[in-house]
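Each of the next two complexes has chain A plus one other chain: chain B in the first, chain C in the second.
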Partner chain A sequence: MSDAFASPGRPMAVLLPPRAPEPIGFPRLTWRHGLFFVVAAVLIASMATAQTPPAQPPASAAEALSTAPATPFSVIIKWSPLLLKGFAFNIVISIAAMTLGTVTGVILGLGQISVNPIVRKVSWFLTQFFRNSPWLVLLFFAMFMIPFQFNIFGVIMPFPDWVKAIIGFALPVMANVSELLRGAIRSIPNGQWEAATSLGFTRTQTIWQIVLPQCVKRMLPPWMNLYSLITMATVLASVVGVTEMLTLTAQVHAAEGGRPELFAPLYGFAGFCFFLYCYPIGKLTQRLERRFNVKT
Partner chain B sequence: MEGAVADFGRSLYESTGINLTILYDEFDQKRFISGLGMTIYLSSLSLIFSLIIGIVGAWAQGSPSRVLRYSINGFITVFRNTPPLVQIFFFYFGLGAILPRVEDADGMMGPLFTNVQWAIFSLSLFAGAFNIEIFRSGIEAVPNSTKEAATALGYTRLGTYRHIVLPLAIRVCLPALNNNLVNLLKTTSLAYAIAVPEITYVSKQIWTDSQNVPTMMTLLLITYVSLVGVLVFVMNRWERSLAIPGYGQGGGK
Partner chain C sequence: MATAPTADAAPAWTPDQPIVSVRDVHKSFGGFEVLKGVSMDVKKGEAICIIGPSGSGKSTLIRCINALVEVTKGSILVEGQEVNDPKLDQLALRRKVGMVFQQYNLFPHKTALQNVMMAPINVLKQDKREVEERARKLIAKVRLTGKENSYPGELSGGQQQRVAIARSLCMRPDVMLFDEVTAALDPETVKEVLVTIRELAEEGMTCILVTHEMKFARDVADHIYFTDKGVIVEHAPPAEFFDNAKDERTKTFLGQIL
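Right, the complex of A and B next:
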């Protein structure tokens, strides 16, 4: 920011012709990204090869093929279809939890600005309670407190553990969305409410037709941030026994003989997958934030 | 006193079925208190380290050296975009397995760092990455003219940072910092996964032993919410005591 003023060669920012706003979309890949991924791949690969125990000089080529332990790199390649399937399951959980949490969160958030003091206090309490407790504990809460099947009018509805995990993740999302919505509504100037009232809008109409559409824009960046956080939190489901990526990683590690030097590459691979998914979301969020900041 | 609490716990169980074993079972009580202590220990140590990482990192981010800046940015990007649980597993299982084993006090060959130390290490790095960003945003909010005035008065870069920029920046970024530290406190529950006996871990032990899952679960949630409440209270007090009129959120009050 400061160099616009400091560098003598460039004219002052006000004198520059107005620039078109940056296009919003998937962050354009530059050579820097490529360089980063190459460096990451080399790091993982070199760590992987550095950790393979030094092989004894094989007597013959055939023996070398049969006795050499699988390198961590080949292990990852071999198991990556399974691990990526687990990763896809993580994404499914995150999307479902986000949807459920957003819908309930909007209801709870509207409850926080309700005219009825009881509804307001209850929604406030629920929001604060679920916002301030750890996600892992909420997950335990959902896992152990929800029965594994419901009996509704004689129809037995099974509740598999991953559905319970989705509910467990939706709880903190709900509280966070509720708080986001409250903040967004509070950031709408009072004049808007008054103008709507003077135009004869009822309170419900004001909220749905005037306030909420404006909130969507304000809420979008933090909402995306929350999504990326919840995606990263889905690995917690492995702690309570849902078969997702980290569970599979541990199983793959066991299947490969439980060699300790395999831990770092395997968990590194898991982290790398999440990085590839969350980094673009984070970049996009930053762009949206910057763009919305300019406008308001 | 002890007896009264135990009697109350027993009568509560008999009359309502709420089985708070930690009230009358001495063993459970000791476990629960030590778990609470471990959570406080974990969170306070990683809080301090993460603040140090944040302050040093934010300073290094403004340094003229390109390599330093890029490596700090890389560190932030990686730690912000990977799951904290994967980070903990990576450090504890991955790096822990590579490091040499050392002889411990009993003459046994043990790992170089215990699981508690690894948990503190990875939690500090995780929260530290966020803290760097938060401090940076605070530092960016300090007007350039203030820094230039400091330079004109003969402050070095470090001196400007320590005496002028940081005190002002901290006031600006306190609300965000507050949020992140609450998050850190909640993230300590992940240490459960590498068997650090913190409060989630001991609660799980207690509810497996005594078959009182709903009670212990509710108690655990309440404990966390009150721990967070204490932290938020302290941070708010600190925020108010630091407030300079016209600067940061508490300004003008």
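Right, the complex of A and C next:
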């Protein structure tokens, strides 16, 4: 610590400001990405051919063409509008859960540093409970504990399954954000609190005007990480009957006669969609981490 | 700049009385007694230096003066206001007493100018334009014109420390506390900060400084206090203190340091 402070030319990295905005764009696509996509596509296709039952020797080329079952590729093309709609639904669930979870998580995280010992203990307990439960368990918990509709001042508010799923996913997000926030607040040097106090800031003012703005930067990379994880976890909603991408994939597979050679391409396609969505987020997270690197 | 007389000063206090009056202050952390009955008086416009070995309680003492640390026993009056009072009006105290820290503690997410303006605007709810004018003047005063929009991370230690001084001054305090404000700086940058403090003292700001800069203490201080193991061993005007120390502990300390 003291070394860092002792060199005035190189100020302590923890205190580095949001410097002159060096643009953080969407990760640039390079030829390596292209290569990766080609390899992935070939892999999915070859899995499909490998599982194609050995075809009867066709009498003629023309006959072979007319009777051959639809290729996996054409099946994916045919169903992709439906599947992508399902995927969009996963994204909607993930964004809604992340938003809800972040708002409640910040409240819970602030509760964890409250001056009121009861608020502090309750917030701590809730955080630990929801952080250490399997996500699927929390999803079931939300599904079966929340009634299908609420009566708020005479207005009947229906709670369809997908809304419950959002709540179910928001619970672990809340707990993780709460813990992230607590950690970030604790990582703010004590001197910041002292300086603020000596300038007459109250505790609440210090938290909102001085501590939290500094926490945002520290929390952003792990928060984005959490978002990736929750996005991928949204397929769990298929278990509780929400019609998202995985459910639709299974239905499409069944509609195509459950042919085993379609299994890998269809699920491969689903996985690939998630990859395409989450990989850039992961890349961006890495960049932010490098940029905000707090190590001296 | 002229310090306007504060309207909220306790009625009993008049400027000819000590502006800070510490009486038999004790402070324990857990069972460990850091201050064992410290008394001192600081008159308005005086600059006093507190020196002493590491761990002798210098920081603790000046933190007590602006209630960053709670006193276990004893009394501290700042302009007649009792600091060791459960019903203490903390804001009233903190607008009278400014503090500058060893590690600068600037807010890293705000520019130099914003750092200086933040407390008067958000805490004292003063007019933004008036505060900005004052802040720019203070930044000029600490010789940082042109650095208004730099973030702390873009400034050298000495520059950061001068912003921190301007930030405290923008609250228009009557007393300034400095806790080893040059200890984290390079020898070359120490000077620029000391020049700023010296100017302040010469303008009549009441300054209480903890420092290891003996030459500075000798030049600037009106009075020197030497602390060791939680007590004030002796205090005297600088000439007498440095040339005619009476206590053995003072002599040993000065022998080591000079």
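Keep this in mind: the second predicted complex is superposed on the first by the 260 of 296 C-alpha atoms of A that agree within 3 Å, B and C clash if a C-alpha of one lies under 4 Å from a C-alpha of the other, contacts with A are read in each partner's own complex, and residues count from 1 in each chain.
Quick note on the criterion: a residue touches a chain if its C-beta (ideal position, glycine included) is under 8 Å from a C-beta of that chain, and two chains touch if they have at least 3 such contacts.
Source: prediction; values computed, not measured.
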Partner chain(s) touched by A:184 [first = chain B, second = chain C, both, neither]: neither
Which partner chains sit in contact with A:200 here, chain B, chain C, both or neither? Use first/second/both/neither. second
Broader residue contact with chain A after superposition on the shared chain, chain B or chain C: B
Answer with first, second, both or neither: which of chain B and chain C does A:173 touch in the superposed model? neither
Touching A:209, do we find chain B (first), chain C (second), both, or neither? second
Return first, second, both or neither, reflecting whether A:235 touches chain B, chain C, both chains, or no partner chain. first
Partner chain(s) touched by A:268 [first = chain B, second = chain C, both, neither]: first
For A:246 in the superposed arrangement: first (chain B), second (chain C), both or neither? first
Chain A contact set shared between chain B and chain C covers 2
Listed in rising order, chain A residues that touch chain B in their complex are 1-2, 36, 51, 128-129, 132-138, 140-141, 144-145, 228, 232-236, 238-239, 246, 260-261, 263-265, 267-268, 270-272, 274-275, 278-279, 282
Touching residues on chain A, where the partner in the complex is chain C: 2, 5-9, 11, 14-19, 189, 191-192, 194-201, 205, 209-210, 213-214, 217
Please give the residue numbers of chain C that touch chain A in the complex, ascending. 66, 68, 90-91, 94-95, 97-99, 101, 103, 105-109, 118-119, 122-124, 151-160, 164, 167-168, 171, 184-186, 189
Any idea which chain B residues touch chain A in the complex? 74, 77-78, 80-87, 89-90, 93-95, 97-98, 140, 144, 182, 186-190, 192-193, 200, 204, 213-214, 217, 220-221, 224-225, 228-229
